[in-house]
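Scrolling down, you'll hit the structures one after another.
Two complexes, one shared chain (subunit A), two partners (subunit B, subunit C).
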Partner chain A sequence: MEARRTKNIAALVWFVGLILAWECGAWVLQNVMHDSMHMQKLPYFHQVAGTFLVNFNSLLASAMVTLSRAFIGFILGAVVGVAVAIVMSLAKFVGKMLFPYLIISQMIPVLALAPIVYSIVKSQDAARIMLSAFITFFPVAVNMYSGLKSVDKDKIELVYSYTATKIDTYCKLMIPAALPHLFSGLKLSAPAAITAAILVEMLGTKEGIGIKILNSLYYGANGALIFWASVIMAALLGIFGYAVIAFIEKLVVHWEKGDREEGVS
Partner chain B sequence: MQRSGNLVNGIIAVMFGILFIFCWQVGGFHVLLQLKPYQLPLPTDIAGALYSNFDVVMENTKFTMCEALVGIFLGSILGFMFAMLTAIFPKWGSGGLTLVTAFNAVPMIAMAPIMNNWFGMGMSSKIAVVTMFSMAPMAINTYRGLTVLKPFTLDLLNSYAADKKTIFLKLRLPNSVPNVLTALKINTTIGLMAAICSEFFTSYHGIGFELSTVLKLSQMSLGWAYIVAAALCGILMYGVVSLVEYYALKWHTSQQ
Partner chain C sequence: MSSTSEIQIRNVSMVYKGQKGEAIAALNNVNFNIREGEFISLLGPSGCGKTTLLRLMADLLKPTTGEIVIGGLTPGEARKTRQYGMVFQNPVLYEWRTIQKNICLPLEIMKIGRVERNEIAEEMLELVGLSDYANRYPRQLSGGMQQRVGIARALAINPKILLMDEPFSALDEFTRNKLQEDLLKIWSKTHKTVIFVTHNISEAVFLSDRVCVLTPHPGQLADVIDINLPRPRSNEVRDTPEFMSLLARIRKCFMGV
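After this line comes the complex of A and B, so read on.
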């Protein structure tokens, strides 16, 4: 408990230190180096924070548009990913068939597909949802599958000796045992799904935080503050996505203690 | 026994891949998803586009690979140093690591325009984005490798009255090698992604720029050709790190 508190205090000190460094950096840029682009490069933190607060409602509205699309895509991708992983572990043949491709999917820059998806699906919402789902699918499927694979052989044999049905085996042993792995995958993909939604928005949609970032770029120094505020909103969205999954993980996987390897990807 | 099993698995997987491409070629996906060939080009068209534009594709691929490699290199070194400092001064470092974890969740494309303001439209702004996003995975993984030690190893060294420096050099550092390599594998993908995504908006060269340009001109097959090039780059980098891992970790249990 004590260690946790010192850690939190240290994080707070780091955070305050970073903000101070930001302010100093902005001051140096403006008053020592006389950079003509100082507003775009690094405006004062207090100005950005002020703009953030003043425009909070409109920023939040845009962020909610992004978040809702990313969320639908995330759920879609996660459900399909878990389903595919379970089918792969149930039917060994399918598992052998798909596994190499799941591994390869981790090596491929999937986000690069954004313009392709956008040009195939002309609808803005569908493109955001599809790319978010697509990005979510791979880490979830890979981690869930490796979770199902890593269940103790002895436990499976024990349950088998009880003549448990397949459904019981999966509901009571396999899926709970794979949950920690599943959450590793979900924690990776939650911020990624949001990134995907923002990326599609930056390719051209009507609303959302991504297009707010892009639009404010056109106004140069005048738009700089709102630009930085939008970027901060986007950053908070990503952190929020991660934090929600981490919170749910704590509620659901309370039996898991100690260090465990983070999921691959 | 094991080996022949692997061979069978490999054949099954390759067969599936061939079947997949065959379905694509004869238009199975077009019927299924109700797409026209100009929306989803056929594999032969993609191969043709790749073949006839090979030089341009290669040139842009090289550009993007340069950005990704330099960025991954810089970011990994910074992340590694951060992890070392954190392990040496755990009290303050772990708090910093919390911030790094949080930073890792920041959408990378939001940083691309900022870096563009700082470093201009050239290669360096993309390198900066890649650097930023390869730092966190390396820092987090290396820190775990430096601190999560096998049971009793630390006790053993303590019983030898080993000083901190010896423990660090002889125990913690070697213990972190598998984690460093894992982080490098993660970074190859992240780095490539960050490079391509930042090119979408602020560049005149590279896979990302070309991809978004040719798609605007409705040259779908060429766009897919760039995707193929990007995928091959990813597989290549990942493969190289895996190879290094295989030879560097022969002593490690995960390889036996």
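After this line comes the complex of A and C, so read on.
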């Protein structure tokens, strides 16, 4: 209880401190350095916050467009990632064969992939979904695979001693045991999937937070405030994605934490 | 006690490949019969092959030569027809399942219906004295309680044989003595054949009808000692001269090893 309160206070102090530093930085840029581009480089936080609140509805609408496409891609990528991990753990040769390609797939910069995918599928939605799925896939597949590989030998021998079927072995042991690993992957993927969707939008889509960021760059000092407000909205989206997964993790992987009770031997 | 041989171990040898490809003899020509309903300990220092022998019976390993017959079946057949329940050194509970659900696990695998499953689990929980902990998670239980759950789970499928691999070795002495006493009570109620692996001489003497003394390098059966202490046994038996002399006799088997 006490530790938790201390942690909350620390978080609050950091947050307030960050905003103060931001305000000071903006003031220095404007009044000490007399930078003519101060609005673009670092506007006052209170101005950005004001713009954010005034334009909240339109920002939220754009964010929802981005979020919904990223979400579909995230689910797709996660499902495929889990499936590939299970196949890899079921058939060792598939694992050995696929693993290098998984790594190579991560060597392709998303920045390069986005325009290629966009020009091939020629659909804003499909491109956003595909790229989000692509980004989600790798951390999920790798974490799930390592989770499946790190299941205790004892636990496997136990179900073997009961002559469990492969399906029972996976449903009752392998998959639940790998869940903490899976969630590590999902927590990495969720904000990344949103970033991927934004990236596609910045190539030019009709709606979305990404295009809002891009467009605001053309409108000088006024645009700068919208730009910053959009960036904050995008950041909040990422945080939201992470928080949702972390929340679900707490509900699902409930056995990881907690105190042991004393009792009879 | 019935005199039919439940388990026959015939000329069993086990050779492992070492890291450099050299042959390591874990067990050398072991011959032994275990009667139905008997409590047998496999006793010896590490490297004597006692766990290997148990794992051979459980079909977790295959012998290099020789054969094991369990109630007329091969270890593989015995496993598939669920003749034995296994208790491991670590309790090996599934952390995401409650105590009750852990005990139900083998029953689920056997496709036994939910109502019957829960009835059996409750019965087993009562047998090991954990009825109040059915809905707790393994992490909420002490090491001794977790091991009781392991025993309850092994008994849930009502096997003829209980294979126990150093189940109490990680527990403190007080807890261990209590569990040993309780295990004997459970055994007298359930009439299982128990094969109990241990490196603790007094544990082996306290529990067993017969103690198989295994010596290492290579692992072989050095002696089989009859424990004629009266049953039911309680912790007081440990202070009797008969108990002491049995300890001394077994200790002698390991001299010069």
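A few points about this structure:
Please note the rule applied: the second predicted complex is superposed on the first by the 246 of 265 C-alpha atoms of A that agree within 3 Å, B and C clash if a C-alpha of one lies under 4 Å from a C-alpha of the other, contacts with A are read in each partner's own complex, and residues count from 1 in each chain.
To be clear about the criterion, contacts are C-beta pairs under 8 Å (C-beta built on N, C-alpha and C of every residue); 3 or more make two chains touch, one makes a residue touch a chain.
What you see is a predicted model; the values in this text were computed from it and never measured.
Look at A:160: by the touch rule set out above, it reaches subunit C but stays clear of subunit B.
Look at A:91: by the touch rule set out above, it reaches neither subunit B nor subunit C. Between subunit B and subunit C, it is B that contacts the larger number of residues in subunit A.
Touch criterion met: A:114 reaches subunit B, while subunit C stays clear of it. Judged by the document's definition of touching, subunit A residues 259, 262, 264-265 lie at the interface with subunit B and also at the interface with subunit C. If you check the complex, the residues on subunit A that touch subunit B are 6-15, 18, 37, 40-41, 93, 96-101, 104, 106-116, 119-120, 190-191, 194-195, 198-199, 202-203, 210, 213-214, 217, 227-228, 230-231, 234-235, 237-239, 241-242, 259, 262, 264-265.
Residues of subunit B that touch subunit A in their complex: 9-10, 12-13, 15-17, 35, 39-40, 91-96, 98-99, 101-102, 104-111, 113-114, 117-118, 140-141, 144, 148, 182, 185-186, 188-189, 192-193, 196-197, 200-201, 207-208, 211-212, 215, 218, 220, 223-224, 226-227, 230-231, 233-235, 237-239. Every residue of subunit C that touches subunit A in the complex is listed here, in rising order: 58-60, 79-80, 82, 84-86, 88, 90, 92, 94-96, 105-106, 108-110, 129, 133, 136-145, 157, 171, 174-175, 178-179. Those residues of subunit A whose C-beta lies close enough to touch subunit C in the complex are 152, 154-155, 157-165, 168, 172-173, 176-177, 179, 253-256, 258-265.
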